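Going in written order, the chains are labelled A, B, C and D, and every chain counts its residues from 1.
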Amino acid sequence: MDSDVRADEDGSRRSLYRRVAGSNLGRLAALDDGVFAIVLTLLVLDLRVPVEELAHHEQPLWQPGAFAAESELWHALGEVGPSLLAYLMSFLTLGMFYVGAQGLLDQLDRCDRHFTWLNLTFLLGVSLLPFSTALLAKFMTFRLAIAVYWINLLLLGLLLLACLRYARKARLFDAERTDAFQRAFERRIIIPQCLYVVAFAVSAINTYVSIALFVLLQLNSAIAPNIRPLNRF
Amino acid sequence: MDSDVRADEDGSRRSLYRRVAGSNLGRLAALDDGVFAIVLTLLVLDLRVPVEELAHHEQPLWQPGAFAAESELWHALGEVGPSLLAYLMSFLTLGMFYVGAQGLLDQLDRCDRHFTWLNLTFLLGVSLLPFSTALLAKFMTFRLAIAVYWINLLLLGLLLLACLRYARKARLFDAERTDAFQRAFERRIIIPQCLYVVAFAVSAINTYVSIALFVLLQLNSAIAPNIRPLNRF
Amino acid sequence: MDSDVRADEDGSRRSLYRRVAGSNLGRLAALDDGVFAIVLTLLVLDLRVPVEELAHHEQPLWQPGAFAAESELWHALGEVGPSLLAYLMSFLTLGMFYVGAQGLLDQLDRCDRHFTWLNLTFLLGVSLLPFSTALLAKFMTFRLAIAVYWINLLLLGLLLLACLRYARKARLFDAERTDAFQRAFERRIIIPQCLYVVAFAVSAINTYVSIALFVLLQLNSAIAPNIRPLNRF
Amino acid sequence: MDSDVRADEDGSRRSLYRRVAGSNLGRLAALDDGVFAIVLTLLVLDLRVPVEELAHHEQPLWQPGAFAAESELWHALGEVGPSLLAYLMSFLTLGMFYVGAQGLLDQLDRCDRHFTWLNLTFLLGVSLLPFSTALLAKFMTFRLAIAVYWINLLLLGLLLLACLRYARKARLFDAERTDAFQRAFERRIIIPQCLYVVAFAVSAINTYVSIALFVLLQLNSAIAPNIRPLNRF
């Protein structure tokens, strides 16, 4: 055993396994893509029209649906409406963190075991999103549902920040990348998180206004309009 | 902050983050593959034989099913038949847009943050397909179900077109690619969309004929027979 | 339009779109991996212990389960047993076709739109496997369930064969690959398919013997023992 | 047929198909990433707040939820708590085996058909994890549920070990890798497995202490603190 540990070149006495394991950046990126692809698909999957009770209205085979039944289906689809807002918000959240996490990994030129674990924990946070979205879609008037959603957002922000900080500390970054890049990334994580706190605080007064604020914040990140003061972060 | 914005070389005053984030074409392609793979699998997953009520017919352990029960299962499988048509149609739709989106990404030689977001929105449209397929499979005689499906198709077409147009405008294309290529792609999106409008209009008269038209249109795109007049688009 | 069609170099008058679309072999391989990964995971997901009725037996918080309840859970797990056989068989089927399809794609040095569509159809067949497995797991004594499973196997074989034959015809193969390689692949598809017919025919007499034969055939393909006569195909 | 077999260069008389099939290391890695991404997402998906009975409490549209209903939802979320422990444990298990399997594949410089099959079987074990986690989350006081979970862990360890041993035997390893590396990997698999046996044995006395031990063991593997005696394996 000792011989392995001693064989470490940089003197940090890590065991051989720890230096080798979890060091493949490409594989980690592929895992990220997989998790984001699944969560993106699952978000929409939870959308289900409450149509069971319509089934007996089914029309004779060669006739289009009678107008009465059509309007019932229209009504059933309409009920999906409010929760669509929650799903749209989560799509924007997912996209924002996908772009952020992809950008971070692109800047690294190597990876180690601790970074892999931090990134796995970030992916765990990503995979919690369908849960907190479904909760919010069902209980849009409950402050607790908004609190759970906000905690999920906060968790994603903190974990991405932890990935970034660890990468800086462990010198995983591309040598050409200056501190400016690292600060720019950090700002892109911290500023939205501060605004999320405000949006969440509003839920004490009115949950719908709070949700609308969240959606607007995400939308701004996604579309990134060329408004001077907004453009800086 | 200002120093970052000023550091921008092409004078467009985009912040550092915006130039770096979402610029990895390979990662975007991997995300596309993930979403298409999941949706392709999910389409079929919704196929469920209504077999619960047959379970009590289960035979003694070492005997093949009695003929009575067999014919019941046969009947249950038969009921899956009509909705199979909806799934086949969605498979063809999915394949068509997969081939299109893959072709588009292949022509790009770089990617930026706005293109990544446009492509994410296209993937959101793709992930809506199991929802609109299930709706159509259940309510094949309802014009509203066909309308929802057609809106999904339209959305996919518009978003792919938006991706293509943005890529051209932002000069993401491979330098060797001429305008001819871009026009060919555009035609491949627009012409089927025009024909979809016709197929949808027919649903005002008869929903089954409308669905049959959709299937024939997709089938033509998939098989791409060497018929002279069809071959041109 | 005409100008695009005429621009075709090999004189086959295909439009520009058709030459460019669906020509990325790496993307197709990634889609294959995604579909196989999902189906592999879904196969097991359908395994659900019928434990609902045990829930009320739950023990006080700091005591291990009483022996009576334990044996009930043991019994519930035991009922999963028979259907495990169907899942094991499907895992072997999946592995066999994964190895085959991966091998085929490795031999190609380019890809075209028709091959992409053939491969997509093969993936559709793969994604049908959880459906036919669940049917078989539930109705192991029904010849019809075995028939559906066998048709799925046949479909997979025929589609892989179609991919291979098309690839040969369209000269997508690596130039170094001789006819010997192509014949070897073909034999690997056709011979098991002939044996599947025999296994299926046995279901007319006894469905369990038929399933056992299927499992043994797949197991032989997977383990590939070094038995001289078997080793040849 | 014979001619193919004779064409084998290394004299081992394997058929042509067997030498070519399943030899793509990159594809296998992509399949691994896919399965791990799906299982990571599915673990969390099973988390469902028992909220159905709250739905009728929904508030009038522009009012935040009344305090009574909020506390009910709070209570419902609280019930998810205990099973969260099982999911956290499985996340750690998954991460550990992901890092291990990624590390192993990184050390190989080629792959063959048998290794592909061994790795597929390992992935089957990975895809069983949501099943044994759900069982444990539901029956935390049942020794049998802990036994099933432990068998799953044991299976994963044994299969990864089989992959490693086979890779060594079939000389799939990177030529530069010394025996030291191989021994280091093996130790990383065997030592935790020995500790799992201890944790499982404790379940005979108290299932909660047993689960806590499992979590601590996994946590130690994940965080890998720089404690001298622990650091060696």
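As a convention for this text, a residue touches a chain if its C-beta (ideal position, glycine included) is under 8 Å from a C-beta of that chain, and two chains touch if they have at least 3 such contacts.
Small disclaimer: the values here were computed from a predicted structure and weren't measured.
Peer 1: Counting residue numbers used by both copies over all numbers at the interface, does the chain A-chain D contact come out same (over half shared) or different (under half)?
Peer 2: Different, since under half the interface numbering is common to both chains.
Peer 1: Chain B and chain C are the same sequence; what rotation (0 to 180°, nearest 5) superposes their CA atoms?
Peer 2: Angle of rotation between the two copies: 90 degrees.
Peer 1: Distance from the CA centroid of chain A to that of chain D, rounded to the nearest Å?
Peer 2: Distance between chain centres: 23 Å.
Peer 1: Based only on mean CA positions, could you tell me how far chain B sits from chain D in angstrom?
Peer 2: Computed from C-alpha means, the inter-chain centre distance equals 33 Å.
Peer 1: Could you list which residues of chain A touch at least two other chains?
Peer 2: Residues 30, 33-34, 37-38 of chain A each touch two or more of the other chains.
Peer 1: Quick check on the complex: what are the chain B residues that touch chain C?
Peer 2: Its residues touching chain C are 29-30, 32-34, 36-38, 40-41, 43-45, 47-49, 51, 54-55, 58-65, 69-70, 73-74, 77, 91, 95, 98-100, 102-103, 105-107, 180-181, 183-185, 187-188, 222-224, 231-233.
Peer 1: Provide the residue numbers of chain C that touch chain B in the complex, in ascending order.
Peer 2: Checking each residue of chain C against chain B gives 1-5, 7, 13-18, 20-24, 27, 30-31, 33-35, 37-39, 42, 113-114, 116-117, 120, 123-124, 127-128, 130-131, 135, 138-139, 141-145, 148, 203-208.
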